[in-house]
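Pasting the structures here.
The following pair of complexes shares a single chain, chain A, combined with chain B in the former and chain C in the latter.
And now, the complex of A and B:
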């Protein structure tokens, strides 16, 4: 029982590390693909919303993009902050200026989208802070100037809907309005600029080819395909993949060592019995088979128990890592992928086979007479 | 913002060095990563612009005056940004930022009461707020608090796993010697003596094992620092082995070893000696 528990713990650790190694990448890929936009344009040298930089001349950029027949939809997004007075203080949130016809940033949960110029949608965190409900009219200001303690733009907007922001971080209040509405409120120098463009390409088009075309036509932007975005995230989070690989390898090795030790001790204990079996005519192959099967049985039982334990610990560890500031809620570090998980557990079972080989060989090579004499004396 | 602009400002690298004009261009400093990636050396002439895709004629000529080592700033890890330092007025002009800065860094005299200074500044402030550098560091270190918690959780899981393995192995090893122990018991050796000897053995193994583990941990820590400092091109220490950590690890190992020895031996001494002999 203890042996199976030991193998189960090693198996759980191995499963968790396999989930960690590929989880982030796959989770991020699913997130990026969720709305069908394969390419994102950010200001040159930056990642989307990484800095305050923005792309100038939205109209010209959009017109250039439209000349490529492989581009199906273009969604310029403008980022800013808004402030709404609530009971003597201001509730602030990040806000996106979008085109509701092609936006890919949120899902509508209740109410209406920003179909009117004076409409605003918000997530539950912001709605709770505002103590508002759908249909309420809010005094919204943007462009806060710390020097003058004033705002560049203020207007009344109607909270038209509740939304869930796909790329929103945990407990981050956020809102969205029509881009032209936000443009009318910000400083003049920020108008006709976008923080990000999201580009959807037609089915069958080569995303890398389109990305290369955009990079050549628009030198003031960085074009990021899903593949390049994942590569950049991989680079930033490479530490976790390396940790996963190292801890996974150690878990596999420890599991192997444990099974080898268990089976070896078991063989030593039963040297007399094995000698008797050999003496009555049981073949070497049969003895080896028995012992290897013992190792496989311990590994398999441990692997199955480890599967359940691993899922529980993965959930706990994922909760810890999900607290990264600014990380989209939808990202999971530990993602269960059946194929990878079964491969890992299969590897553990194979290591159980390998672990049984040495003790099995020792057992089958025991000198029969010598072993029987030793057992008789003992 | 200015620092970011400095990092993000497009540098049009010249294929051939531009001969210095009569109007001496100003110098800039770039970080090691930038120098290595762009193949730059001290004395190289560059054209600097804040607008990506600018023509060479639209930029400002500068000379690389220095190459600096990046600071050990955790928030810069894995960002892959390059850094450049310019004269403030030059960057303000190139970026169009005007007579503005993102922050002031203030060094106080050794005897100064920092709290009072902050209070005075904030009382008179118009459009800015003063903070202790330490408080800013804590706020920007939230990412690493998450990583620390994760490491601690992995550590706890590893300790639990190690305890299970240790108990497993101890039970097996003690079981192997059950006939010897049965003989000792029949000779009159007390339960307490048997338990004591097994616990001492387990404790010794635990201490020796943990000391070996400390050496391995120290070597691995050195390798981790070497690897990640090279990977992220930073002087930041990623792994630090301190005396309290060593003391804690060895103590915990000793406690777990003794506990495993106790559990294994207790199980054995409860069984009658003749039963241990298999009779």
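And now, the complex of A and C:
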């Protein structure tokens, strides 16, 4: 029982590492795909919201994009900060200027979307900081001087709805308003600019082809398809994958050694029994088969127990890692994928077969007469 | 003695390497065992009794000489040939019963038949008949842990008879049993022999030895006496 538990721990570790190796990537892909925007445009040489840089002349860029019949929808997004006085102190948050008809940044939970020019939606973290409720009117500014405690670009906005930001980080206050509302509150030189364009393509169109077309037509932007974004994430997550691979391989090896040791000890203890089986005419092949099956049985029992244990530990570790500052809440480090679980299970069964080979070879090679003599002496 | 020779050993020697020393377990043994014989090999510990039995049972090979069982030379057989030969021709009973603990009495007896490819129904029927023969009709589904030592040895004897062997070999079959249970096994061996089974036993048990029709006495790897029942 303890031996199976040991194999289960190694199996759980292997499953977690397999989930870690591909989980974040899959989770990121699902996140990007969730709103159906296949291509994102960021200022040249940057990633979306990586810097304060922005793309100039939103109208011209939009007009150019509209000439491609494969492009179905365009959502320019302007990023900025807002500041709201709350009982003698200042509450700040990131804000997005969007077009509510085509936005892909948040989901409305309660209230109304930013259908009116003076509307603002916010997530729970910001609403808590503002001590406000849906329907309240707020004094919202885009500039704040901490020394003079003065606000600039101030405008009265109504908190029209509660939202959840899809790409929002844990406990990060965030808000959104119409892009033209945000433009009316910022300095003139920041108007008609966008931090990001999200582009939805026609069903059946080739995203990579459209991305190539955008790169050629708009040399001042970096066009990122989901495939290229995932490739970039892959590059950035290579450390995680390497770590997962090494720890997964170590777990597999530990499990293999454990099963080999267990089966070898079992064979040694049953040397007399095996010698008698051979003496009464049981073939070597049958002995090998029985011992290998024993290894597979221990591995399989450990793997099944490890599957449950691995899922529990993965959930716990995921909760800890997902709270890492700056990461979107929707990103999972450990994502359960049946294929990954089957892979881990397959590897464990294979290691069980491999683990049984050495003791099986020992068992089948036992000299019958010599083993019986030793047993008689013992 | 006349009759068909089931076992025929000619000038058989068996040497073991023990470190740098060479141990001469058998120093030239020649015997014939005919069909229907009941032979007890007796002698002091280390005289070569078990070595002789192992050679007759084709689980060991001689250093010199020839061993023939049922007229077939077995001393040069490959491992695979010897395994098949043992399966079909020889039944073994050991001092420790070595039944598989997870199998019932019926399944333990069926095991050699399964290895020999006997169909499932026939296996079960024959195993049940054999267990009935050894007096365990009520114990078919019992596991070894649920049986007494004597009962386990009787299951082991039924297992040895599973593939209708020409020769039954037993190494100290009463060694782990009390006197009463040992007597039951001795009686069973006698009944088996009366029914035509050729038996060779190695024993220190005087009662078992005297129950045999022929006693071969060994000392220092040689046969020093060969007495038939009168």
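Note that in this section the second predicted complex is superposed on the first by the 369 of 378 C-alpha atoms of A that agree within 3 Å, B and C clash if a C-alpha of one lies under 4 Å from a C-alpha of the other, contacts with A are read in each partner's own complex, and residues count from 1 in each chain.
Rule of thumb we're sticking to: a contact is a pair of C-beta atoms (placed from the backbone, for glycine too) under 8 Å apart; a residue touches a chain by one contact, two chains touch by 3 or more.
Quick caveat: nothing in here was measured; it's all calculated off a predicted structure.
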Once the two structures are overlaid on chain A, check if chain B and chain C clash or fit side by side.
-> fit
Who wins on chain A residues touched, chain B or chain C?
-> B
State whether A:247 touches chain B only (first), chain C only (second), both chains, or neither.
-> first
Answer with first, second, both or neither: which of chain B and chain C does A:280 touch in the superposed model?
-> second
Using the touch definition from the top, say if A:67 reaches chain B (first), chain C (second), both or neither.
-> neither
C-alpha centroid angle, chain C to chain B via chain A, nearest 10° | 90
Can A:316 be said to touch chain B (first), chain C (second), both, or neither?
-> first
Which partner does A:13 contact after superposing on A: first (chain B), second (chain C), both, neither?
-> first
Least C-alpha distance (whole Å) that remains between chain C and chain B when both complexes are overlaid | 11
Under the touch definition given earlier, write down the residues of chain A that touch chain C in their complex.
-> 272-273, 276-284, 286, 368-369, 372-373, 375-376
Mind pulling up the chain A residues that touch chain B in the complex?
-> 2-3, 5-6, 9-10, 13, 43-46, 51-53, 145-149, 219-221, 232, 235-239, 247, 254, 258, 261-262, 265, 268-269, 313, 316-317, 320-321, 323-325, 378
Per the touch rule above, chain C residues touching chain A in the complex are 50-51, 54, 57, 59-60, 79-80, 83-84, 86-88, 90-92, 94-96, 98, 100, 111-112, 115-116, 159-160, 163, 171-172
Mind pulling up the chain B residues that touch chain A in the complex?
-> 1, 4-5, 8, 10, 51-53, 78-80, 126-128, 142-143, 146, 149-150, 153-154, 157-158, 160-161, 164-165, 167-169, 171-173, 175-176, 179, 228, 231
